[in-house]
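Labels run A, B, C and D following the written order; every chain starts at residue 1.
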Amino acid sequence: MSKNAKRHWKTKLHEIIYEADTKPGKLFDVILLFVIIASIILVMLESVDSFDSKYHNFLNISEWVITILFTLEYIARIITVKNPIKYIFSFYGIIDLLSTIPKYLSLLLTGTHTLVALRALRLMRIFRILKLTRYIGESTNFLRALRVSRAKISVFLSFVFILCIILGTVMYLVESDKNSDFTSIPRSVYWAIVTLTTVGYGDIAPATALGQFIASLIMIMGYGIIAIPTGIVGAEMSRSERKKIPTNTQSCSNCLSNEHRDEADFCYNCGEKLNT
Amino acid sequence: MSKNAKRHWKTKLHEIIYEADTKPGKLFDVILLFVIIASIILVMLESVDSFDSKYHNFLNISEWVITILFTLEYIARIITVKNPIKYIFSFYGIIDLLSTIPKYLSLLLTGTHTLVALRALRLMRIFRILKLTRYIGESTNFLRALRVSRAKISVFLSFVFILCIILGTVMYLVESDKNSDFTSIPRSVYWAIVTLTTVGYGDIAPATALGQFIASLIMIMGYGIIAIPTGIVGAEMSRSERKKIPTNTQSCSNCLSNEHRDEADFCYNCGEKLNT
Amino acid sequence: MSKNAKRHWKTKLHEIIYEADTKPGKLFDVILLFVIIASIILVMLESVDSFDSKYHNFLNISEWVITILFTLEYIARIITVKNPIKYIFSFYGIIDLLSTIPKYLSLLLTGTHTLVALRALRLMRIFRILKLTRYIGESTNFLRALRVSRAKISVFLSFVFILCIILGTVMYLVESDKNSDFTSIPRSVYWAIVTLTTVGYGDIAPATALGQFIASLIMIMGYGIIAIPTGIVGAEMSRSERKKIPTNTQSCSNCLSNEHRDEADFCYNCGEKLNT
Amino acid sequence: MSKNAKRHWKTKLHEIIYEADTKPGKLFDVILLFVIIASIILVMLESVDSFDSKYHNFLNISEWVITILFTLEYIARIITVKNPIKYIFSFYGIIDLLSTIPKYLSLLLTGTHTLVALRALRLMRIFRILKLTRYIGESTNFLRALRVSRAKISVFLSFVFILCIILGTVMYLVESDKNSDFTSIPRSVYWAIVTLTTVGYGDIAPATALGQFIASLIMIMGYGIIAIPTGIVGAEMSRSERKKIPTNTQSCSNCLSNEHRDEADFCYNCGEKLNT
């Protein structure tokens, strides 16, 4: 094989694996998507004891097949990429490695097998594959809205966290004397988070009247302050929606007025014919 | 009966059953609404053992009456519609069939009787009947807003689902060694969904400190990302509200086009001078 | 007492009881507010067995005092109002009666005493009393926003209700064979409401894998469709806020342009002095 | 030390402790932040019995170190501030005192030691320290939005509270005869709050059919009215966002006023011609 042909072969493989403009590129991504989902289902079924004991051999063989497929993909990615080191230490590179290694390790060491579950992290590649579809616009819209309001949201979340620490501590002081569920501050803080976020497991619940009164206040507070993140993201999205509506980019050649309606054929200001 | 009279009779019945402009048509819909609700209440009461054992005969007879009424309605619908095959295999056609058949099957086979509960699906016809009332505007507004933001919402829901799979798997790895409730990955994923959506049954709860810490993060995350669907639908509704406000009530005297800009002096469609 | 003096006396009492422009009128409302709150606290404490057994006499006497006060108020309201019949059968009139009668009935019949708790309904009068304060603007803003979006909200709530009936029935069919918590359709519907609204008591929980899968879908649905009422009210409030901002009602006497800034002294269009 | 030097020394210390423009001032705040967090972690760990029994001495010594550091800081704050009395009785002054005193009291009295947990209140100082960072804009934006809609939110919260009292009382009347969890009105009100806010512990749950029906209504209500605070804050934020977008960046060359309308040709304040 000449050096030129080899480069050509690598370029083509790179196109298939990393891009999705060509037909084989798209096919590769769709197959990858299904293999990832299949691997997740396998890992899930294997963790169910009653299922694992029945179909242990089938599951084990299937997993080896998928591990080998993932290994081949991993090697192909390293070969075809220009800067292999950068890929290996990238976010997706590490996840790709983590999804193959545990199965090999399970040959040498016992107990590492459950780490195969780390393969679930490969699900995140789905977001990357989805970029190819018509959903790309939606997801970027999402991420941008989240990125813009990131500062506000992190202020809000740290506010909630500090609030829960303070409220949890107060509940510990109120309920600790009695034979209650609030045995330590971390546990009380955990309870405060469970309550404020309106999750409410019920594994820990206040027993005294004062405790129940404070709990009521926390619940109503949690019910109220959920409005804050909603308000933040809502205002952000509302604004980005508003920005998106540039009614029209045409400009009248006579009087230079703009913001014409999309269907406009004539300038609303001077009656001049518009270019359509 | 002449062929003409027969057609006339069929047209009239079609009008009563499928339309609601005439008085008997409205009456038919109202009666149907009440019979459907009565049938649902019957099915509900029958499923309550203590009630069923007392009034078994009454319930059985009532159910036969409703089944026969529904059968007559089903036959009338097939007779009067132009394209019976299309109706039979339509969404509502299948539901209408499913709400009569189980009772007849119960004569032949035992155990199929509980399928009578499928009649609850007929409740969806209520939405269709409501179309006749003043609520029609509201429901279409709803459906349109949901349809427009469908792509965004499905991206969001799949994001939540993948997140729950990853978080559930992480919790399985963290809690699995201990004698915990997290016995398998599907169960852990189920727990993650229960927690992230702030439902919080409490049938499965983390026991270790690390598990409770991760659970806290999931709760706060769930508390925060509920803002996203709210933001999506809110922005959509906000925009549709904005659009609804007709920019202008002017109508061009030449081409009759409307929705001119407020400042417009000339028609955007034909260049005619507007009355201002 | 002359007839005139009597009318004068009645008018004055009416002013005190029903209005709040005068000083005694305000004082009456504030005292009433405190007596209502005191009566609620009394009823609450009485329902706590451990408290009632200790302070039974004190509670009983206090309640008689409050009952007599309420009776006097009720009589005064009937005497001073122009149309007593209308008051007696009005919403507040019935509540006022219901909050005094049970105590008198308890002398004749046993068991009616707990109905004293109906007095809690008098708390609704608080909203009326609050109308006097600076909160009036806020509450009317509320009520108007709710009234405007009432049609939309009732469509939404009935949609949620029907959805819960259908989902509850499906869960009953899925889980009924097993020894599960889903013993009847009403119970399953109750569970569906508990789950969809993200309350999640945990007293009823799915046991089968399929049941848990459907439950997961319901939870994610509930997590998603909470956006709808929020979107409705949010858009409504947003719009009413927008409407409230009429930048300015001034119109330039020279060029008739409007929408001037509030602080504007000169027309932004032609530089003419504005009337301020 | 001359009086002048002493004043200079106090001014410098004041700058370090109370301000953050200088490098040592920033350093002080960062160190304080870490000491506060460390003290919270210590208090938390101490409350965990299994941890406390192992490392009791280490925890005790660490706590004394932190108590002495906080005492020194407290004294330094009193010395350097212009009006010590005002600081001592200020919100932060009282918290600072409460976070040092319990440890000293524990030498004299037993049982006061758990009050050390009050130190968690010092976490609120984090908000003050964060003011130095780039988050300052975000937090003030928050606080302003909350302050503006405070009246509306308090009306809403009192509405929720009154609603819960009424609903709780109704549930008490409905469920009290049976051997149910609704043993007293306060307990029923507590349950109503747990349900309406969608927390749903499940420690108290209705047992009768009627009780479950009312509970369903409460849940759907709670699911619906969560839209109200969201709508309030959302509209507020939406409006403040709108306001923030400066309509215009022009500045009048005559009177320097700005925020002109986009179409303005003349200054709204002095009538001067604007550069367009």
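Note that a residue touches a chain if its C-beta (ideal position, glycine included) is under 8 Å from a C-beta of that chain, and two chains touch if they have at least 3 such contacts.
Note that the coordinates shown come from a computational prediction; the quantities given were computed from them, not determined experimentally.
The most distant chain from chain C, with centres taken as the mean of CA atoms, is A. Each of A-D and A-C has its own count of C-beta contacts, and the greater count is at A-D.
Chain geometry summary: the mean Cα position of chain A and that of chain D are 30 Å apart. Once the centre of each chain is set as its mean CA position, chain A and chain C turn out to be 40 Å apart.
Of all residues in chain A, those that touch two or more other chains are 156, 186, 189, 198-202, 222, 226, 230, 232, 234, 238.
Residues of chain C that touch chain A in their complex: 198-202, 230, 234, 238. Those residues of chain C that touch chain B in the shared complex are 151-152, 154-156, 158-159, 162, 165-166, 169, 172-173, 176, 183-186, 189, 195, 198-202, 205, 209, 212-213, 215-216, 219-220, 222-224, 226-228, 230-232, 234-235, 238-239. Those residues of chain C that touch chain D in the complex are listed here as 40, 43-44, 47-49, 114-115, 117-118, 120-121, 123-124, 126-127, 130, 134-135, 138-139, 141-142, 145, 153, 156-157, 160-161, 186-187, 189-190, 193-194, 196-203, 222, 226, 229-230, 232-234, 236-238, 240-241, 259-261, 263-273.
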